[in-house]
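Order of writing sets the labels: A, B, C, D, E and F. Residues in every chain begin at 1.
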Amino acid sequence: VIERTLTHLTWTDIRDLEKEKGVLLLPVGAIEQHGPHLPVATDTLLVTNILKRALQLLPQEVAAWRLPALSYGKSNEHEAFPGTISLSGETFLAVLKDIARSVARAGFRRLAFVNGHGGNSALLEVAARDIRAETGLMVFCVQPAFWIEPPFKLSEEEKQYGIHAGELETSLVLALQPGIVKMDKAVKHYMKPPMPLFGSVSVAWLTPDWSETGVFGDATAANPDKGIALLDYASQRLAEIISKISHFEVGNG
Amino acid sequence: VIERTLTHLTWTDIRDLEKEKGVLLLPVGAIEQHGPHLPVATDTLLVTNILKRALQLLPQEVAAWRLPALSYGKSNEHEAFPGTISLSGETFLAVLKDIARSVARAGFRRLAFVNGHGGNSALLEVAARDIRAETGLMVFCVQPAFWIEPPFKLSEEEKQYGIHAGELETSLVLALQPGIVKMDKAVKHYMKPPMPLFGSVSVAWLTPDWSETGVFGDATAANPDKGIALLDYASQRLAEIISKISHFEVGNG
Amino acid sequence: VIERTLTHLTWTDIRDLEKEKGVLLLPVGAIEQHGPHLPVATDTLLVTNILKRALQLLPQEVAAWRLPALSYGKSNEHEAFPGTISLSGETFLAVLKDIARSVARAGFRRLAFVNGHGGNSALLEVAARDIRAETGLMVFCVQPAFWIEPPFKLSEEEKQYGIHAGELETSLVLALQPGIVKMDKAVKHYMKPPMPLFGSVSVAWLTPDWSETGVFGDATAANPDKGIALLDYASQRLAEIISKISHFEVGNG
Amino acid sequence: VIERTLTHLTWTDIRDLEKEKGVLLLPVGAIEQHGPHLPVATDTLLVTNILKRALQLLPQEVAAWRLPALSYGKSNEHEAFPGTISLSGETFLAVLKDIARSVARAGFRRLAFVNGHGGNSALLEVAARDIRAETGLMVFCVQPAFWIEPPFKLSEEEKQYGIHAGELETSLVLALQPGIVKMDKAVKHYMKPPMPLFGSVSVAWLTPDWSETGVFGDATAANPDKGIALLDYASQRLAEIISKISHFEVGNG
Amino acid sequence: VIERTLTHLTWTDIRDLEKEKGVLLLPVGAIEQHGPHLPVATDTLLVTNILKRALQLLPQEVAAWRLPALSYGKSNEHEAFPGTISLSGETFLAVLKDIARSVARAGFRRLAFVNGHGGNSALLEVAARDIRAETGLMVFCVQPAFWIEPPFKLSEEEKQYGIHAGELETSLVLALQPGIVKMDKAVKHYMKPPMPLFGSVSVAWLTPDWSETGVFGDATAANPDKGIALLDYASQRLAEIISKISHFEVGNG
Amino acid sequence: VIERTLTHLTWTDIRDLEKEKGVLLLPVGAIEQHGPHLPVATDTLLVTNILKRALQLLPQEVAAWRLPALSYGKSNEHEAFPGTISLSGETFLAVLKDIARSVARAGFRRLAFVNGHGGNSALLEVAARDIRAETGLMVFCVQPAFWIEPPFKLSEEEKQYGIHAGELETSLVLALQPGIVKMDKAVKHYMKPPMPLFGSVSVAWLTPDWSETGVFGDATAANPDKGIALLDYASQRLAEIISKISHFEVGNG
């Protein structure tokens, strides 16, 4: 069986890896409020677990190794809530670039950010391009929305407004680690701003602008079965993405 | 008639403006290659002109003033092409924050980035949130895609792959300043990468990865009439957006 | 006729320019209070217009192209006055260096800062030397004082103390765009500090230290005729400077 | 039983914690070469495991919670070896300060760095003081040497020169995760520089200055029993330290 | 007799100083090539000695204290010459601001930079204003030119082109420390660039652009008597400046 | 006799120095409170004087030159006391790196920090390694503790707790410059924190946490004779260190 945790290898192992194909996968999470019912580690927990499962689904011939997670991301939208621990944008960008420089120096050709937190997305895109320009690495962003269509029915409201600590995230944590979910505190809160929070016209938002509890969505609709179904779906989807990325070459389009 | 160019006012005028309602509009462009047929100022030219037209369409009761454009943006994807002049991400972010601090100090409550270049979008979103967190300003991003559905028929290919210096941008410059377009050099180039360049799974790209000419789209399909129609459409659309933004209040959703 | 707006060219045009001779001209302005009678865009307005006129006066054989203006400069001396929008010194320096790196990468050999605001001068000199050391570009500073001797009689007081928003600047804006000057609010204020504000012994100053209105000089003495005369003089003078700079080589002295 | 993983709590849980007493524990590791026989994650692996064990030993009345580890530290001494992934000193310092600001904002009074890598030590001390000065937090450094006296006999040479990937670290990983140790590749290398690498007179060193394999010590002397004994010892020792830190108050000396 | 070396006082002495009047004097020098005949410490040597003499000339009622010199300045124009040790502009600015913050925190109201190196001048002006804006300190720049008119006849060429390591600086070092001057290596070199190196139109220069020896001026015309005369003159002049600065108040003009 | 003050040499002298052997010595001090009896310049005063004496003791064949001192260090632990002037950690690191780049550019192979202030130590170690990695220089840290064992009997308490402005430092200043010591204000203060301030488990401290006077130790036990003995001892010790460093080569161990 292949060791897919890069950092379980020795430096001579890593030196000797065939690197023409293959991708390093950096999970990027966040420590931030997820309502009164979910742990502040939710994003980091989800992204690392989905990635671990995806790696188990990979055929042996796919060359892909995971790196230790960045547990702390950019979460200043939630910083009014105790337990949120956020890097500044400038620091976050510097961390990503430093890691990529080490990856490139070791001779790898592909690096992918597997991201579990929407608030990280924009800076990951910036970092990806800057790293490509500076080091020549091929850099990929897998944003949290890659599993956005769950294998069960979501209400229209949840689809549109369930963006944080709602049905999907709550179901996932219930599936993974039910002991740290407090379903008795789960709430339903649909914030419907008169202007989008994302997209081609948007208003910058901090969580207290739109939610007192920190929830955007219906956490009460969550259950472990949905979580398991979603986990399977997302892991399978991520495994496919990794397979494709692992031998991708720019310029063939 | 209302003076909508903020910087044509004196400091005492600006001090005395009613600021409870009203938004400052910062056009953000780029100086970067736009193929062998369009000027490197294309993005700055388009965004400033569409904004000027939009302002003329505003009813008098809408409080909105434009700021001088940031002509230089973040364009390192194009930096292999002479004539591209790019700020680093770190510098661009610092510029946006410095300007916003001055805007907040003057007592304004709303700032909108009206952006003409996709390569700026991610950092504008980052800046918008950071500025809101630091200064309390309400900050809006109007990204180039706000006028993405033109009032004439686009081919499916152009819709999907015409992202830079193609039919739409070329038509717009033909409408605005035909003397600086070299239609005899216009080309059609559809780069179809086996992985998206945007969205939930993407690969970071530099222009030379996918295009030798710098064009992504069909510039040969452009003409001034399309440009005029698009200009009218986009200006009207932007005027509506500004009207809405100008009295928006967070927390009413 | 030569296209002297560099950014109206395409990247292939710019690639093909003969660059052994020739200079790029970067207008650098400021958005800052200019008293109760002049617009806050005064410095940017003046420097861009004088440069445009100077370019029209150049003989065809002089190779010189203007870049889009930096409208925002370093104006923290005026930041107590609403409408002043200032970059920090560190940001301003970073912007200048980033632009110069792109200019050098494109193969140009000469870059000139054409500056309209005294508060920018010191950092432009710093940037010029740092850029020369880093990139090998020949870098020139044309500071606002290049047109300091107007073609009409100035009072001794105005010569010495008319440093901001006084007779000269007011006359120039009256000549260029009279509709945005409020002569009924023009004042005369001679601040005569017991220590110079410039030169070999000086005291650092913020505008409120020495002026309540933001004016240093006699704005009431301004008129459009003086402005036209000064505009002609300054444009002619700048054209001569550009001609000389455009083929200057270091080391021939 | 107490939840000692802070990030398994919700934001309302964290808000409601009694914070007058109590300490947050931030494990700080490194991803860096550890010879041809140990995984590059060794430091992170050790510090997180020793901390987990220590927490299990704590009496219930001790208020202490662990934070997610910083897996990446400052390891530029090893950057010539593939698999080393290092933050720059400036980035590492910024990460520590950002995290501490969030911790202080949440109302905690004590933060401890539990460090597994000697190359991090100096910057942790710098960060600790700067954070205390800026935020008022009481900040503690627990450096890797806290368990330096193992509960079995070490040779004099190993004591003095076994500083990296030698008998102690190898034994520990053998105890924790034997499947990722390659004892057939273990070497013994005593580098004896004519000048100390630490202390009041020292020479700055990069690993290739003194070791070709990356080992400083005798890895061949390691075995799992030593590892278990050391793990017990170190966990016990750390539990005592945490108990003391958790209610420490400055100024009582 | 008054102790004018601030750092010879204890913290309680400094706490108890009357600070309503009084100025702290920070000598700023440079370590940079001064031709084949003068030591690289020339600027630091001169500015510290002239300041020491000036302080001895002050009447007792003038409140003025000197700070330890910044021996290293910004000298990148000379960095091609071994022995030049230069801070970057960004670092130099940071040093000045940090020192000023400590000065303001201690309760002083006035800080003066007494500068011995032209290459520092622009950044000192920038720092002075930024410090005034941030801390409210009154900040003064005394630039090297304060003693530019020597009490003996200079040739016209020397006046205009003798800007570095020429007759004046060489005479001063001969007067202060003749043992470290190598008059047998003194040269005369007048660089006459076809464009000014300073002033309203200037070209950024590095020393190798204009001088092979590093000398700009006629060092052979120097002698100790001139140095003594100049030293007396400059010290007297500086004493007068300090007297005036020491009780200067902004806003009285 | 050899000129050991590097900056008393000319650039051609420095260019021509034999650099294969030899070390540059950078004294690093601090301006910070040293109790009510010692000057705030104590650290800078001590380190520069001990170094000067050490250089006089060197045999002629040892190649070693001193650089001008960094008088200002990192002293934020003392910043609550007037007269403390501190650089931030980030600035201090930048200064050290800039100086080292100039040293490396000149062709030297060895640089040693001779440090007089414990608060600088950690950052000097960080800088030393970073400089070695970036420039290839061999970099040495000589920390204040190099003379920690005085040639006379210290009480056990003083040994352990006399870390600042106590018997040793006071004796040294009494020996060097008795006129600036105020022995009538000397105090004895042993702060005995229930947790170490240094070492493998430590608490970050600011001086006001543990001392009202700024003294940690028994200043009343100081006298000039002890100072002279210690000065001789420390200078001799430092001379030996420099001799060894001056021809040290990495990799011979």
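Going forward, a contact is a pair of C-beta atoms (placed from the backbone, for glycine too) under 8 Å apart; a residue touches a chain by one contact, two chains touch by 3 or more.
In this text, all values refer to a predicted model and were calculated from it rather than measured experimentally.
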For this session: Walk from chain E over to chain F along touching chains and report the minimum step count.
Result: 1
Exercise. Which one of E-F, D-F or C-E makes the same contacts as A-D, at least in over half of the residue pairs?
Worked result: E-F
Seminar exercise, completed: If chain centres are mean C-alpha positions, then the most distant from chain C is chain D
Exercise. Which integer distance in Å separates the CA centroid of chain A from that of chain B?
Worked result: 29
Seminar exercise, completed: Separation of the C-alpha centres, chain A versus chain E, in whole Å, is 56
Exercise. By residue number and range, which residues of chain D touch two or more other chains?
Worked result: 79, 88, 90
For this session: Follow the ring of contacts from chain A in the direction of chain B and write out the chains one by one.
Result: A, B, C, E, F, D
Exercise. Can you name the residues of chain F that touch chain D in the complex?
Worked result: 74, 76-77, 79, 88-90, 93, 119, 121-123, 125-126, 128-133, 138-146, 148, 191-195, 199-206, 209-210, 241, 244-245, 248, 250-253
For this session: Please name which positions on chain E make contact with chain F in the complex.
Result: 3, 5-15, 31, 33-41, 44, 67-72, 79, 81-88, 90-91, 94-95, 98-99, 102-103, 105-107, 177, 180, 182, 185, 214
